[in-house]
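You will see two complexes here that share subunit A, one where it goes with subunit B and one where it goes with subunit C.
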Partner chain A sequence: MSLTNTNMAETVKKQFCFKLKANIDSFSSLVFIQLLAVVFSSFSGVATSGMSSEDIQINVNYYSADLVIPFTFIWAFTTAITITTRPYRNHDFTFISNRLSSSLSNILFLAAATILGSITALLAGNLLKLMMYFRLESLVFSGTTSLKEVLIGIFVTFLYVFLFSAVGYFVGTLVQLNKLFSVLIPVLFFSSLFFGSFILGFSFLTDLFQFYGEETVLSIFIMKTLVTVAVFFIASTSIWNQLEVRR
Partner chain B sequence: MSFIAIVLLILIIIFFIKFGKTSRKVTHWILSIYMAVLVVATVLVPLMTDNTINQKKVDQLEIDRLWNEVDKKLSQGQIDQVDAEYVLVETNFDVGHLKTLKLQSNKVNSTRVLIERKPSNDEKVDAFIFRKGLIINDYDFSDQLKPYHLELVDQTLRITSSQQEINLAISSNPFPIRQFTGESIMRGHSSAHGDQVIYLRIPHDLEVVANEQIDLLSVGG
Partner chain C sequence: MKIIECAGLTKIYGRKKALDQMTFSIEENKITGLIGRNGAGKTTLLKILAGFMKETSGEIKVFSERPFNSLNVSANSVFVDDQMAFPQAIPLGEILEVARDFYPNWDHSFALRLFDYFSFDPKDYHKRLSKGKTSTFNMIIGLASHAPLTLFDEPTTGMDASVRKDFYRVLLKDYIAYPRTMILSSHHLDEMEDLLEDVLLIKNGKKHMHMPISDLKEWAIGIKGPATVVLDLINGRDVIYKNEIGIKTLYAVVKNDLSQSVLNQVQVAGLEISSVRSSDLCVYLNNDTKGGIDDVFN
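This part shows the complex of A and B:
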């Protein structure tokens, strides 16, 4: 029993290291998408306000990494889908493995990618500030962020990005199960987005956003995201195991 | 800066389109350079940003209360008891043996001018400009405020207010932090537009005539 566990752990470790190297290209798309978000944010910030009187006209532009983070969500979502596709799955045949070790190494790869994505997304906020400094040729006013807030920021961003990875992985898995899902899921998503409140009487996506985005108690937020992430990864892994039986 | 960023971005897009899947070595370089840029930006940002915004946070009600006190002191001619932080300008004009001083303002809205007569005729007009404060979304940016321009031309003291445009860039924590700190990106909603009051100490016998844009009030003894 002990020997089996060691083999499984070794296999997962080897597959994970291999996937980090094999999927390195996904990180260049991370750089690209974050730079795109920084450029978009630099035009007029993420929010603006203005006021004027006879003597004075005040324009305030607010800058933050708010746009970079959702762009990172999109990257995480698409990266997770990508690793479920056949060319990427074929990497697993390099090793003596099973579906479980493959899934575990995929989850580990997504976790590692998410850590990198989360940290760079938060640091990209500083790049934005620097760009503002040179563009506006004036001081950028900024609040001080305590170490505790920085750590919360990194961890919460990680959880958000990992959540999108888990959803992406699940969606990718469903599509591999049946190609019909590649049509069904976007149709359901956009229907819910545009017509959800008309058909159901409530907007599912708004409720979903409120469930995570408006949670102000950190421990409950952690619980909500971790449980959701676990549910999606367990469901995906179960489907992969089912796929193995079918083949 | 945006232009350079866009050019760089276009170059990156062209690169991606032309070369399709990047080689592993190139990806390593892209990632390494990007991370180095982020680290350099993180190091440089504290040197290039004003991190005092949290010290600028004010309570609008408190600002109003303090200003009412200042206004009351000024109206009673107790200028010496007003805190120096409210003084934007302190200057004086030599009026010689002038009998009548005309005050003229280019503002559409009325300009408040308080006049205190000195006990003697020292042939000088001491001018002070006090400001209420420039509060933007609960933060005090009074240090950005430009005072009215005072100029003595012949017998006329001209008060000129040219429209001042203030562009502020305020950076906030990203939403994963704000979600748990309760901080809002707009930070606050109250604002004050930097009202200014002119206080003139004039020679005892000098007559003052003002145009209709000036709300003139005699103070003190």
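This part shows the complex of A and C:
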């Protein structure tokens, strides 16, 4: 039987299409978690203000679907961890794969899922407006956003969500390298949350939040996130390149 | 052409040597049986060949490439065992289509015919299959992929007798139509005997024997007769197996290198000489003690 030569790009493409089909559950969990966030947002407003004169009393409740975005972060983080687990790794090796093609197709899958997640996250605001229209008997006013703003919003959300998925992917890979990390990472995370400022004199997480979350120049923000994402994915890929497949 | 070449292949897990200095090569388009006890290193060897695991030391070449992380080895080989992982979200019928997209030599109509014959439901899921059905489905993937190197690790796990028979038959027919290199590891050597061309016997991670099955069939002989006479005859020879049958009757298996004069002596003494079935011989060769389980009671 004659041998077939395969090329990397072709294999990665096939694996990517396969993963869109195989990981369909991650898309249903995306829908679920974003709906949940919208429902939560509809229960309570983010701010209220009111004024009254002798005859008129005005109460303004502000509602926002911003909650959808942190929920999407959590979804991206867990989805990325999920695809690093053993059954998901093994699926690739049932068919044709090496570790590099497996990693590349995983990254492509996460990018695709993240794009979808960011678009739906930004559109979730419309769902909230619709829900409030039916729920409230009072007047609903909504802020308008230009198309340009929506597009930038989607893009920036994408970068944030992708950042979370890169971190999740790295964490998942570390756990595959050694199960100890599944204890170590949460311990480090929460201890830095509570004790970081006592021991070190500064809070690591606050600094991180400021570094990524409070950047106002778009181009610098893009640079920061893309470089970080690349570092995490390259690190994960090189770790996975050494691991064995044991099913 | 040699498909597989191993030299000094060693694999160590922690403190245990799973494979110890294995050196062998396998020719193109041969069906080789990989025989060994539980834990002898069969699965480890197959996983290294498939590129799943990394050798600790030594050299391994599959299609003249190191299999670990080789995309070419992956594309030209298939590794089938009962642990094969399939995504839970994809039903069986679609899994066949996924396999068609991946494997370059995939024979879809053959896969569908087997799928029908073993009455699988295309809407069913892999996770829900019984043990025997899982093995049967994995076998379909393994055969229909027509991979130049096909590795089966205990493919008949859980299959009932009639499915096992069907499996051996379909494997042979498909091999004749599309000759390729196959390695089968199994405990059922007696069932596969007619299928195999070569036998690779491994014991405690070491290569014990690698020869054509026809040679293996003549490799040893069994001698049966009064215990004293037999003992006298086998004295000084390498005894592969020894078992008392009834009172004062002994059955012994020795290497088939008796000279003509010894054979004459055997006939004069009225001892029974028989050939040893290769499956039995493999069991004897694999045992660490000469008397088998009976030694536990002595």
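Everything that follows uses one rule, which is that the second predicted complex is superposed on the first by the 221 of 247 C-alpha atoms of A that agree within 3 Å, B and C clash if a C-alpha of one lies under 4 Å from a C-alpha of the other, contacts with A are read in each partner's own complex, and residues count from 1 in each chain.
FYI, contacts are C-beta pairs under 8 Å (C-beta built on N, C-alpha and C of every residue); 3 or more make two chains touch, one makes a residue touch a chain.
Fair warning: this is a prediction, and the values are worked out from it, not measured in the lab.
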item	value
Subunit B versus subunit C as contact partner of A:Asn90, first or second or both or neither	second
Greater residue coverage of subunit A in the superposed arrangement, subunit B or subunit C	B
Subunit B versus subunit C as contact partner of A:Asn241, first or second or both or neither	second
Which of subunit B and subunit C A:Tyr160 touches, first, second, both or neither	first
Which superposed partner A:Ser101 touches (first subunit B, second subunit C, both, neither)	second
First, second, both or neither for A:Lys224, with subunit B first and subunit C second	neither
Partner chain(s) touched by A:Phe18 [first = subunit B, second = subunit C, both, neither]	second
Contacts of A:Met8 with subunit B and subunit C, given as first, second, both or neither	second
Contact residues of subunit A, present in both the subunit B and the subunit C interface	21, 24-25
In the complex with subunit A, residue positions of subunit C that touch it	29, 47, 50-54, 63, 69-72, 74-76, 79, 81, 83-90, 94, 98-99, 101-105, 141, 146-148, 178-180
For the subunit A and subunit C complex, residues of the former touching the latter	1-6, 8, 11, 14, 17-18, 21-25, 87, 90-91, 93-101, 241-242, 244-247
Subunit B residues touching subunit A - in the complex, by the definition given at the top	1-2, 5-6, 8-9, 12-13, 16, 21-22, 24, 26-28, 30-31, 34-35, 37-39, 41-42, 44-45, 48-54, 56, 107-109, 134, 136-137, 139, 145, 161, 163-177, 179-183, 185-186, 191, 193-194, 196
Parts of subunit A lying in touch with subunit B, wherever the complex brings them together	21, 24-25, 27-28, 31-32, 34-36, 38-39, 42-43, 45-47, 49, 51, 53-66, 68-69, 120-136, 138-145, 149-150, 152-153, 156-157, 160, 213-216, 218, 221
